[in-house]
Structure formats: C-alpha cells, structure tokens
C-alpha cells in the first residue's frame, strides 16, 4: 500500500514540473510579452524597459524560469496588481471560502446522488429511475450560472428562504478562527451567525453541486446495476446472506469504486466551476477574485491562481488514486 | 412400440427409499422481455432427489439445467421471470416461501457452487471474510471462533497454510484454489443438499479432476445430497448415481448411471455419448457430433423438440409431445421421452 | 451543425458500405442509424439541434428587429416593457428587442462552438493519430503533454487563455479550442491502441498488410466513432464554456453583440424586477446544450457494439 502511494507520488513530479513550465510560458507566450499584459498595448518604451527590469524579463528565459520556480516553491507568486498585496496571501485568504463552498457542494452531491443512484440502479425502469435519468440529463445541461440565477430568483427573491449574495450578513461581526463561516459560528457558539452563513451558503452550494450530483447519480446507478448482475452477488444470495448484507457488503462496496473516482474528479473540477458560481452569488472566494482579476488583467493573480488550482486538482486526484487502492485490493497489489 | 398419447410423465428419481429431500414438480420458467418473444427456459421439469443421493443433470448450454436450480432457490430475480410449478425441500415449498425464510434455508440447508470461481467471489473482500460471513449468518459464530472454523474449512478442502490464506483476496489465488474456497463456503454449514453448477468448466483438466475428487469425498463423507449440473457426461460418470438428461427445458431421459451408459435410449443421449471421446473406443472411430445446434428446436407443444436434429425422427415425432415413461421391459427407473427410442443392442 | 455533421457521417458511411473494405464499419453505422431513428432521446436531441442550427443560420430572416439597435425611448429605469405583440419577449435594459437578440445569440453560440471545436478536435485528432500510429517515445511525449494540459480544469484553462489573449470572440474560440485538444488526442490515441490490439488488426498483419496501411485503412476509420460522439458532446460543453466566458465578461468587447452568456450577466442586477430577461437566454443555453447532449448520448449508445442486438 505504501509503495503504491509512493509510486503515485513519484509519477506526479513530471506532471507538476510540466505544469509549472506551462504556466510560466503562459504569460511569456503572448505577443508582446508580459510587459504588454502588465501595461496594456499603449505604453512608452521607457516604462516597458522599467517593467522588464523590475520583473527580470531582460534575463534569459531559463534563468527567468529558475528564479520563478525558486519563488514558487517558497509560495511567492508575486504581487497582485489590483490589491498590491502578495498573491499567495490573497489566494490563501479567499481559498477558504472556495473550499467551504466546494465542500458543501460535493457534500450535497454525494448525500443526494449516491442514495438516488442506488435506488435507481436497484429498480431500473421504476419512476424514481426515470426521474433520476431525466434529472441528471437536465442537471448536466444547465450551466451553473443559469441554475444560480434560477435558484436565486425562486428561493431567495421570491420565497426569501435564503440569501442572494455574500457569505454572511455584514452586520454580523464574529470571530473567524477557521475561515469556514458556518463552522466558525458553531465553534464560537454564535449559532445565529452560523445560521446566517448557512443561509448564504445553501444556494451557491446547490448551484455548484448540481453537475456533480447529476454525474454521481448516473455513475452510481450504472455501477449498482452492473454490480447487481455480478456472479459474486448471486453467490452472496446463494449463501443466504440477508438483504442488507448483500446490499452493503457486496453490492455497495464494489459499486463505490467508480463512484469514488468520479467524486474526486468532480471535486477538482468544482474549483474552477466555483469561479462562475461565486460570481453569480458574489461569494467572496478565490473564484470571484480570479474573475475580477481577468478584468483588471491582474496576471500575477491569474497565473498564481491557475497554478494553485491545478496543483490542488492534481493532488485531489492523487488522493483519489490512493484511496482507490484502499478500496480495491486488486489495484493495491497490482 | 405402442404408446398412448397425452400420457402423464413419470417422476424421474422417484422411489429411492424414503421421502425425497428435494421434490420438483412441473417447474416452468419463462423469461419475458419487452419486444421479444418469451423464452421457455424450463418447460415442465419434475424430479426427486433422495437424501444423500448424487444426481447429475446433463445438457447442452441453453437446455435449462442451470435455470432449474436457480429458480428452485429463488435466485433468478423477479423482473421478467415467470415461475410456476412447485419445488419442495424437506416438505417445505421453496417457491412460495417468504423471502426471509428462504434466505435462512439458502447457504444453510442448500448450498451452491458456481461455474466461474473468479467472478463468483467478491473481489474486494478477503476469502476469510467471505467464509466467516456465512458462519456468522447461519451458525452464529463470531470473531476468532469464526476465523478458526474458516481455517479448518480451508484445510478440509485441501488448502494448506489456511490461517494466512484467510487474508488473501480472490485475485491472489489460482483458479483451482478459488473453487476450493467456493466449496469450503458451500459446505460451511453442513448443508443437506449441495448444488454444483458446472463446477469444473472454468478449470484446467487436471485441476478439474482434483475438484471432482474433492467433491466426491466430501459429499460421500457427509451424506450430503449432490445435484451436479454439467454439459459433460464424463463428469457425471464418475460421480452420480442417477442421471437426468435435459433438452430444451425438459428431461428427455432419466436413468441410474449404469443403465444410462450401458443402454442409452434417447437419440439425444446416444448423440451426447457418441460425441464424447472415450478410451475404450477403438482408434480411428470418428467422434460423431450431433448435427445442428440447440437453437434448431421445435416447441414441445408441437412434438419432440429434438426432432429437427434427430436421425431417428419418425412422422410421430411431430404433432404431439411424447411423455417421459419407462419402456416396456426395461427397468422402471429408466425413463425416456421418445416415440422411437434407440434399441438396446445399439452401440 | 453537429447534427448535420453526425447524420452526414452516418449517411456517407452508409453509402460507402457498398464497397468491401469498410463493410464492417458501414454495417456498424447503418445499424447505429437504424437504432437512432427508434430512440426517442435521439429524436428529441436531433430536433433541438436542428431548431438551434436553423435559427442560427436564418437569424436575419427570423429576427423581427435589429438586435443591436437600442431604443432607449421606450424604457425607464426599473420599468422595461415586457412581452407584447410588437416585442414577443419584451425589451432589454437598452431597449433592444429581446427575441431578436436571442435569435442572433444562436449564431454566436454556434459559430464559437463549431469553429473552436473544429480547430481543437482537428489538432487533437492529429496529435492522437501521431501518438497512436508511431508509439514509442513520440507517444510518451505527446501523452505527457496531454496529461499536463488535462491537469488544469478545462474551464480554468479557457478562462486563463481568453484572459491572456484579451477580450474578443477570437480569443474565446482559441481558448475553447485549446481545451479540446488534449481531450481528443487522448480519445483517439486510446481508441487506436485498443483497435491495434484487436483481433482484426492482428489478422490483417498476419496476412502481410503493412503497418501504415492497417492504421490508415482499418484502425483510424474504426476509431472515428468515439470521436464523433465526443465531438457532439464537446459542442454542448463548448456552448456552456462560451456562455461562461461571456458571462465573466471575456467575450466580445462590443456590448451590442448579443451573446447569451453576456445577456444573462447583464440581468444580474435586474433579477428581482425583470426575471424574464434572465429566463430567455438561460432557456436558450439549456435547450441548445441539452440537444447536443441528448444526441451525443444517443449516438454513444447506438455506436456501442456491446449494446448491439
């Protein structure tokens, strides 16, 4: 098991190296170089020379890459043009909001998707199966920002159950020991604050979680259906195991293998999906920060953000791979 | 040979001493799926299995032999399957038994061994867990007691280093070992009936001989009744007292082993025998395959299903289905379903 | 476009089935097409796609007004005329006819989707073909590059590239095309690898057919099925991504260009008072995406040999 994990980790190195080169070249690949990106099309030659020197752009490319990497490993992604503060600081602060949102979204998707997919898979062609099939088709076809608007209009504006924007009512001032607002409220015992944060979190989480919900439901359904027809399930039935044991130990255990993979993959993808969701709900996370950086052409932020999210994405997938080995002895011993 | 048409079938395997352990009467299984014609996989099978008896059910794939056993144990699922008739185990009707009671019978009183031991074992559970779960379920053994018992079971099926093997996963074992594990699981609760469905088909010839030998010794020792389902008459020859030959969902011939091999009466049985290589046959005698395929059948209501492939077909073969009866002058336990059976001196 | 693309491919493969070399593939396509016609999902998908394509092509004939002409005389802050006989879907915040903007929006969606997909899929297929055909270190190199590109979530990559290239329709197309390259490269290479290991490729090789001939005449054509399925599904994703980029403000810099994503973004502040203005572009995006998605899924099922009866 350990060798399995270590091997996966080693396989990651070339990917991460390639990723860093790609992101490094990202800014240098554009016509006019990064100085144009920084200063815009119209700028004086003196100003350009100044910027080139300031950012070390007058040195050879490999030297630039090495110094860039030297900074990156120290988590130095440069300074944000918008806020004039270190990019890593900005990312770290906002990433917690994104993490809270992503976690809530994936929790929603898993808690609804797996039971729904399971029931649909055990009873093909039943009304709940048909409902889940149509629902997951729609879920995949609705972009998060469209769904976000819909939820916002119905549940926040019309019904008034939840909040439309932000993470917490600005009037509430409370401690934030973890940076996860719902959790903070619970920890500090400020339950109204936790409830308020929750009301802000629900709609974006549902909007963001709908695509993974649809996909998890589909995969669970297909896996349960497939595993239910496996010979070893028949063996378990022939052994006279109770229905719940057959279901849990024999069907679910095996059906969860592909589902775990997809949950991991989706969790990673949510990080980029959060950009749109956070914009719709003005949820102050990394996503909306990057979206606004796109406007201000704040390249240190875009560059650092992409690298950061990609690394998180890769690490989440690594975690999934390793957990897959935990669940499936065939992978572990391969 | 004159025969009164529309006669009722005799019951194969009946009258072997005491009350039968398993009593199957007019079992019919029909698979229905949308947009397709219903398939009658089992079309009126009756048979008795006496306690401790060893019975073989022989037939080509699609003859309904496996479906018979799966239907009897309620393992066919509910969707698109229609089952009628009755299956009694020790007097209790299995087909109408409440689900919970049936689950208590399966694995405890009646156990099964399946064809492919790789796919029949759960890939993510250790074999130890797969054995202990049945001990927990039916014998109430827990923890170390269950593990000790499981190790003992592995030893009894000829797996050495049993304590370590309990921690193995199915993919770490060889095919023969896996089938031994399946047998250990099946015998874990000392069932009164063991149904082995093609237990050696997926194995190499030498391994398959070992498995058959193991089955024989275990069954004989424990007085467990055995129903062996196979397409291979050779497998039956070494193991079964009574043999039923199935074709297209019905039993076409049923006889004690000796009588069947010495004096096969149904043209299909002789066909099966002629297509099996035998050591006692002179060299150079070609094997004779049965012409056609099992899909060239006649529905039983229109006559003999084997008629389209039969070399002994007569006009009476078609029209009215023949009944399963003993021939005049032959043993009452030797039944055949044929209007033009093979005469005794044929070989 | 994807519908016509898919159907044309089906039909041309069908007619070519008369020639002996492609008989197997032709049979597959013929079979797939037959099953598609009996699949209600496929019919619904095809209908949605057809409507979308026709609306996009004939937008100038269908649109009652010029989508770019603003008529501020009819609107007051907080009070936009809703649906009426003159303006079936009402007017937007600039006094432009909403229906005409939705109709022209189909044009931009289709244009961005098709161009970016054509560029991305072509490059991806070529890369995959090179990797699959040559194998060895070429394969390793290409696939590592693909792995790295796939390690960045697609939408994020598109946002980065579009942001880098500046606001224009062209950069949106390039961004979405780049996202599609590794997807198609991996797909084609994987399917070619499977085909090469298959029995018929082995049989052809044992008969002395040269490697390049096997690849070009047998392996490549038989790998195209999954590519066409993926192309249909990728069109759905391209429409979503294009709308997403426009929603973030990364589309054309000209605000009068009716992109659905931008139209949606413009209604963010108006949601409480003018929900219908958000509904129309939202509905347009969902229906067109759903069409390609249903069609792609149906195609996938129809082409899956495991599901053939």
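Each chain gets a letter, A, B and C, in the order it is written, and its residues are counted from 1.
Criterion: contacts are C-beta pairs under 8 Å (C-beta built on N, C-alpha and C of every residue); 3 or more make two chains touch, one makes a residue touch a chain.
Being a predicted model, the structure only gives us computed values, none of them experimental.
Among the remaining chains, not one touches chain A and also chain C. Chain centres here are C-alpha means, and the one lying farthest from chain A is B. Computed centre separation for the pair chain A/chain C is 24 angstrom, with centres defined by C-alpha atoms. If you average the CA atoms of chain A and of chain B, the two centres end up 54 Å from each other. Listed in rising order, the residues of chain A touching chain C in the complex are 14-15, 18-19, 22, 26-27, 29-30, 37, 137-138, 140-143, 145-146, 149-150, 152-153, 157, 268-269, 271-273, 275-276, 279-280, 290-291, 293-295, 297, 299, 302, 306, 309-310, 313-314.
The residues of chain C lying in touch with chain A in their complex are 144-145, 147-149, 151-157, 159-160, 162-165, 236, 240, 243-244, 247-250, 261, 264-265, 267-268, 271-272, 275, 278, 282, 285-286, 289-290, 293-294, 297.
Within the complex, the chain B residues that touch chain A are 70, 73, 75, 79, 99, 103-108, 111-112, 114, 116, 119-126, 133-134, 137-138, 169, 171-172, 182, 185. Against chain B, the residues of chain A that register as touching in their complex are 124, 230-232, 234-243, 245, 249-250, 253-254, 257, 327-330, 333.
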